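Below is one structure. I have some questions about it.
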Amino acid sequence: MFIHKQKLQFQSKPEKPDAVYARKLQEVIGGQYGEITVAMQYSFQAWNAHIPGKYRDLLFSTAAEEFGHVEMLATMVAQLLEDAPLGITEAAVQNDPAVAAVIGGTDVQHGIVAGAGARPVDSMGNPWSGSYVTASGNLLADMWSNVNAESQGRVQVARLYHMTDDPGIRELLSFLLARDTMHQNQWLAAVNELQAEGLEELPVPSNFPKSKEAAEHAYTMYNFSDGAAAAEGSWASGPTPDGHGEFSYSPEPLEGPPMPPPTHPDARFYGTTELPNTVEKAAGTVQDKLNKE
Amino acid sequence: MFIHKQKLQFQSKPEKPDAVYARKLQEVIGGQYGEITVAMQYSFQAWNAHIPGKYRDLLFSTAAEEFGHVEMLATMVAQLLEDAPLGITEAAVQNDPAVAAVIGGTDVQHGIVAGAGARPVDSMGNPWSGSYVTASGNLLADMWSNVNAESQGRVQVARLYHMTDDPGIRELLSFLLARDTMHQNQWLAAVNELQAEGLEELPVPSNFPKSKEAAEHAYTMYNFSDGAAAAEGSWASGPTPDGHGEFSYSPEPLEGPPMPPPTHPDARFYGTTELPNTVEKAAGTVQDKLNKE
Amino acid sequence: MFIHKQKLQFQSKPEKPDAVYARKLQEVIGGQYGEITVAMQYSFQAWNAHIPGKYRDLLFSTAAEEFGHVEMLATMVAQLLEDAPLGITEAAVQNDPAVAAVIGGTDVQHGIVAGAGARPVDSMGNPWSGSYVTASGNLLADMWSNVNAESQGRVQVARLYHMTDDPGIRELLSFLLARDTMHQNQWLAAVNELQAEGLEELPVPSNFPKSKEAAEHAYTMYNFSDGAAAAEGSWASGPTPDGHGEFSYSPEPLEGPPMPPPTHPDARFYGTTELPNTVEKAAGTVQDKLNKE
Amino acid sequence: MFIHKQKLQFQSKPEKPDAVYARKLQEVIGGQYGEITVAMQYSFQAWNAHIPGKYRDLLFSTAAEEFGHVEMLATMVAQLLEDAPLGITEAAVQNDPAVAAVIGGTDVQHGIVAGAGARPVDSMGNPWSGSYVTASGNLLADMWSNVNAESQGRVQVARLYHMTDDPGIRELLSFLLARDTMHQNQWLAAVNELQAEGLEELPVPSNFPKSKEAAEHAYTMYNFSDGAAAAEGSWASGPTPDGHGEFSYSPEPLEGPPMPPPTHPDARFYGTTELPNTVEKAAGTVQDKLNKE
Amino acid sequence: MFIHKQKLQFQSKPEKPDAVYARKLQEVIGGQYGEITVAMQYSFQAWNAHIPGKYRDLLFSTAAEEFGHVEMLATMVAQLLEDAPLGITEAAVQNDPAVAAVIGGTDVQHGIVAGAGARPVDSMGNPWSGSYVTASGNLLADMWSNVNAESQGRVQVARLYHMTDDPGIRELLSFLLARDTMHQNQWLAAVNELQAEGLEELPVPSNFPKSKEAAEHAYTMYNFSDGAAAAEGSWASGPTPDGHGEFSYSPEPLEGPPMPPPTHPDARFYGTTELPNTVEKAAGTVQDKLNKE
Amino acid sequence: MFIHKQKLQFQSKPEKPDAVYARKLQEVIGGQYGEITVAMQYSFQAWNAHIPGKYRDLLFSTAAEEFGHVEMLATMVAQLLEDAPLGITEAAVQNDPAVAAVIGGTDVQHGIVAGAGARPVDSMGNPWSGSYVTASGNLLADMWSNVNAESQGRVQVARLYHMTDDPGIRELLSFLLARDTMHQNQWLAAVNELQAEGLEELPVPSNFPKSKEAAEHAYTMYNFSDGAAAAEGSWASGPTPDGHGEFSYSPEPLEGPPMPPPTHPDARFYGTTELPNTVEKAAGTVQDKLNKE
């Protein structure tokens, strides 16, 4: 269960209105790698965990923290919109290209739909989607997903930092950057710990039987492009990160058998084949069958 | 540019029809972590790369390989559907619960829409979405994303392996598992190489100025849950994986200032406030203003 | 069945082109609470009605009216776009910040995709979705949904009214506002009439057996936040609107049993547990099992 | 900010596995009117509130409670899936139509993607969408939306109650039904209180100037269908619920001016008109213009 | 404007309940090529038409007819669901594999969400989307789109015909097949008439200046696959259907210049390049710049 | 399988940066009729083909070509963004309305998410969707779909041509226009060839038994609108394009039986009917039943 407190984790207050920036902030609220995503992702990973203790507690704690980040950002967006021009007509505004320009860069639903408030969407107005969430029950796979989410998220916040010079916004972003630093590090620590404790190994999933894998294709880079430089990488020779193999490099792509012949489903799917209209059609069998059924 | 060859990388032929399994295979064709996702993700990462050479060549090569995996799986799906019951009425079928049961587990669009063919959707029928793709231009962030995709993807293929005993399908899956093993390893090798070469470091993005980050919050786990076990993890004390800090643990959540007061946007957004209906309403100013504009 | 007449219910003609406003109008065409939503919602409610007569007739009539509203708005959008700058290059335009600013605020698909016409999307370009429709077969539930739709819709039209001073647009909006007034009132009248006639009562659904409900939790506000003001509301004490209970207030959240222990699904899902890698792994049982299957 | 506690508000434990029912429960987790929707909706309404005090405190409290409901249902789903057949091959299973039938009714992503865990999707596998959320800043509009959500939600839970006879599931549902009863009542109490306090009135939004509305169309039912029974309703005569008018009924639809003539946008949009290919084409002007630009 | 009449165009009544078939029928209600799509597509094409008269009148008429088809199908779905098992618990049902099998194939939202009614979704439960609609303002392009829609739609109805032997359903489908026959023919007639009247020609759009097109690439098939049979088609030699050229065939793909070098955006996007970490990093310029901004 | 070559089919290099145009180009990358759509559509049609030889080879070749078009456009977008203002703060920029105006028209995710790179989305930021793809297995139906896609696509590219005067962009567009000309022609040639060879005929699907179609409704235009001009078209009289009938025209809509009575599903769906609350309720049967189950 969750308890709400009417406090923020950190100061969240802009110096001045900025509707265009409010729109940009939506990316880290409701985007693919926004705070709603990580809050929901860590929640579902915790609910879907199969082992009690430190990993699950870490997931629950960080999930709750991230819901609080959504709140700080939504609060910031509302303040950025409070006195900003959002399309409400003013004679003066209409004739000022600078203001018109600002309006061009806003999320028009901020005004029309939300009445100057935040929304669960990204910076282009796409609604947040449950398909952004990853929670497989395999903790090593999911920790990689978390490292990824915190990396992409921190890159986006860093970019947003350079898109404003409002000290109030920058203060909040500097806090969020620090928390992303922590979370990147904590999930990487968990990646290491899962392996150190022997709970999981590489590759993910670690205990799929080797005997059932086509081992001869497990450590070779087959080159499917005409760029030759990939042969210079550490993925083309030397030991593999999972500790179980040795990389090799094939300059030619892997080429197997020819494609199997096309399928011929039941004639009642009305797919185009050479049969019904030539051989069988002549004999009338297909059409007769269709007529009867 | 891409050239197509009418060969498969590996044998792809089931022993017998199985429409229910065909539906399940859709997950690794058009799901969040299916082959379309990785093919498109590596393509966009390559097009969005800012450095020529081995990393980009690796991305182009693997992208092309993955498009070939989509093809192998689509070919398999068509064969699984070829002689399977897909709802076409047969007296015998209607009375056979086993057949009816099979039909209950199929993707009905396999029959109605595709005429016994594969579709760019996942195992629950959701169309593949461009929102599954990650390509930020930051190679370390994107390599984490690739490790994640190959980990989730391999977990899914491993699960699918245990959901059939058809030797033809299992043969293809054993091949895909091996390629996922390779790809997990290659992206991890790239993660290491990017750092070894000094191109990127942790945390991502590595050259965001430390002076602009709220450093005092960058390495502390604040506990927002009532589970205490997270304090036992390596993320609660000791050196951080990025090499720049020392973890600490706070049993209490981070608590900052109270939430700022609610905003009061322009009255013409018709938000509910205490003002228009009490103070200002009495004075008539807000309603007068609304009447005029 | 539906018959089309080439008349509008009301005048729909702007004084001058305005591509930015055309984009905003898309919200009430194809947005969550736009006219397509209500037209489709009332249609499906009528088709899904289980009782003939006045309620169903009202639904059919209003559905048809709302399709006509879509038409009036689409007609208006086409006229607003007719002579507006939509990105077609003109030397003069390129150097005029005011025109460039206008272009920044347009729906670029109005030009590229529709050739200066309306589209079934909202003001941020999201396609209209069938998920906006509510039609449960329970008329009281659905009438609440209709009151909601007409309320949100009227708020949006009111905001749009203040975003233009074109008399032609305002005339159409003043008409739509009046129809929303009617529809809000008519659905509220239906809410009252359903109860007056004894067809439905509160809470919805009214005839779910009381004996099957955890009655001790049906009229208490448990406080899950640290704000205490909610205790002052009429929902914290006194009779309940459904006439069946008395509100009470608990300053503490409802707290029940601890979470049940984590689940341990079949090892072939490759979830992370303490078992396969410690106890059972030592005994080899899990891995043996995986190898065999 | 939010704090997580590892307790549930109520007992959540099924007697036996049931993967088909687990899928159905997804509707009230991640459906249009599931618990994620109300948790997010009340959160955004609180963040978007423009008035401090009891209404906002109620929103924050109920939002936090609903996140806990998501948790109880996700926990229940994981338990229902724990020992259920999810497609993992067993010789015995394959030949048992009853088991095969069960598998036909499952969410196959429960196994393949989540490894026997809950997901942020509805019962047909559609990911939860931010477009389900309503938060306009107008409290009366939003309270109607909340009444609607709790009504639809309670209808769905009531239906689900009759779809199982597992006492453990029914116990949880009886609790959720009670909370829906409370929440329906509390939002209706808020609807009444907002009006009693003079903060809002009907119709929503209440202070849009009457002078700007086409008053002559605000209280008449125009009949757009050939069913005559709607004339018998209380929406066809008598005082209106908003207290400002008197209903009237028109057996004929409202019919205004003919549709305006089709638009003729710039020829460079390549729309089909009579001009370029007849009049102007003869004169060569359009084609000349196109050639030049 | 639209007027509703409480008549159907044709008989729509099944002989017996069939919830699985009801789900399948959803494809032609709310699928990509279902009746909602054509009703909305023809409506938007009419509203977006730039020429009055027969083409627009045809569009309006067919749009209205198609809304009536949605109605007939929704009516049929409700009847198919009326007495069908939809998951409501009955002791007898639980033990009958045949019934369980049926339930496996249903749209579970038919019961939980709609209470045994139709929904604006396809046969896999995806909500209808405005992105299915095509309306470009170019009538020849749009007539092709209509031919396509009626072709795909008729294929789907033909397949559905063979998925039932209920005479009532088949009667309705035989009617819909006939109307699809008419509509395919009418749009093809319109395609011909537009060209006969000189309003449009091939290729679409017909009056884009030839001088602005890379004419040397306009009529050659470049082969990008290793299949040689495409050279045998009428698209490899002979006159082109648009009457303006002669097909030719190149066995080799078209190959132009090498890809341009990777881009180097502003360092504040934190893309990975060789510069900031080697040359410039040594000089400190990039990091200095980042620190300052 | 696919092989990648690091060459473009044609020159793709703009003269100068233009972030607003980069956004517009996204339409033909990731829009409904963009290059991703045709690449994926032709691929799935080839995989779903039931006849080997020239048609399938043509599909494979064109699919591979179109993936190369995605690449050319993505490359162009990256170059257009390379030195363009994307929101990164510069004192000078902030005060320049012209630059601000430009920013208003950009895809803000180009900067925040992709770091100045292309994305798999359309010009309004909607992610590409698998629902854009058509592949039915019926080649005549699918060739119409391809004609449609190439027609809409060419109209969009033609419009985009007039939205820039950058010679580098125009050069690429003139190439794409030529390829669209080829592809329109080739699919039309295939339409003709399929019929000439007797593989398919009109209407699609051609061998659905005439005896199962309601022939009396197959060639009549019933007028559902009050526009009379449609009677003047070639679809109102004369021979039909499929060669099997004669058009006729009915000025009145087709009107059949009245709608069937409303359905009465199981009371446990809690739909509103007259029964439970009147007749049966009086007798107590429904409520008794609900209480028991």
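To keep things simple, chains are lettered A, B, C, D, E and F as they appear, and every chain counts its residues starting from 1.
The rule is simple: a contact is a pair of C-beta atoms (placed from the backbone, for glycine too) under 8 Å apart; a residue touches a chain by one contact, two chains touch by 3 or more.
Remember, it's a predicted structure, so these values are computed and weren't measured experimentally.
Listed by label, the chains that touch subunit B and also subunit D are A, C, E, F. Fewest steps needed to get from subunit D to subunit F, stepping only to touching chains, is 1. Common neighbours of subunit A and subunit C (chains touching each): B, D, E, F. Copies subunit B and subunit E of the same chain sequence form an interface built mainly from non-equivalent positions, shared numbers / all numbers used being under half.
If you average the CA atoms of subunit C and of subunit F, the two centres end up 26 Å from each other. If each chain is reduced to the centroid of its CA atoms, subunit B and subunit C end up 27 Å from each other.
Work out the mean CA point of subunit C and of subunit D, and you get 6 Å between them.
Shared interface positions of subunit B, defined as residues touching 2 or more other chains, are 1-9, 32, 52, 55-56, 60-61, 63-64, 68, 71, 75, 78, 88-89, 97, 100-101, 103-105, 111, 113, 115-117, 121, 124-127, 129, 131, 136-138, 140, 155-156, 158-159, 162, 205, 208, 212, 224-225, 227, 253, 255, 263-265, 268-271, 293. Those residues of subunit E that touch subunit C in the complex are listed here as 1-9, 30, 36, 40, 43-44, 47-48, 60-61, 63-64, 67-68, 70-71, 74-75, 78, 113-121, 127-131, 133, 135-138. Those residues of subunit D whose C-beta lies close enough to touch subunit E in the complex are 20, 23-24, 27, 31-32, 97-98, 100-105, 122-126, 155-156, 159-160, 162-165, 224-227, 253, 255, 261-265, 267, 269-274, 276-278, 286-287, 290-291. Residues of subunit F that touch subunit A in their complex: 1-6, 48-52, 55-56, 87-89, 97, 100-101, 103-109, 111-113, 115, 121, 124-127, 136-140, 194, 198-200, 205, 207-209, 211-212.
Considering their complex, residues 5-13, 32, 52-58, 60-65, 68, 75, 78-79, 81-83, 86, 88-89, 111, 115-117, 126, 129, 131-132, 134, 136, 138, 140-141, 144-145, 147-148, 151-152, 154-156, 158, 161, 170-171, 174-175, 177-182, 184-186, 188-190, 192-193, 202-205, 208, 212-225, 227-235, 240-242, 245, 247, 253-260, 263-266, 268-271, 293 of subunit E touch subunit F. Those residues of subunit D that touch subunit F in the shared complex are 155, 158-159, 162, 268-270, 293.
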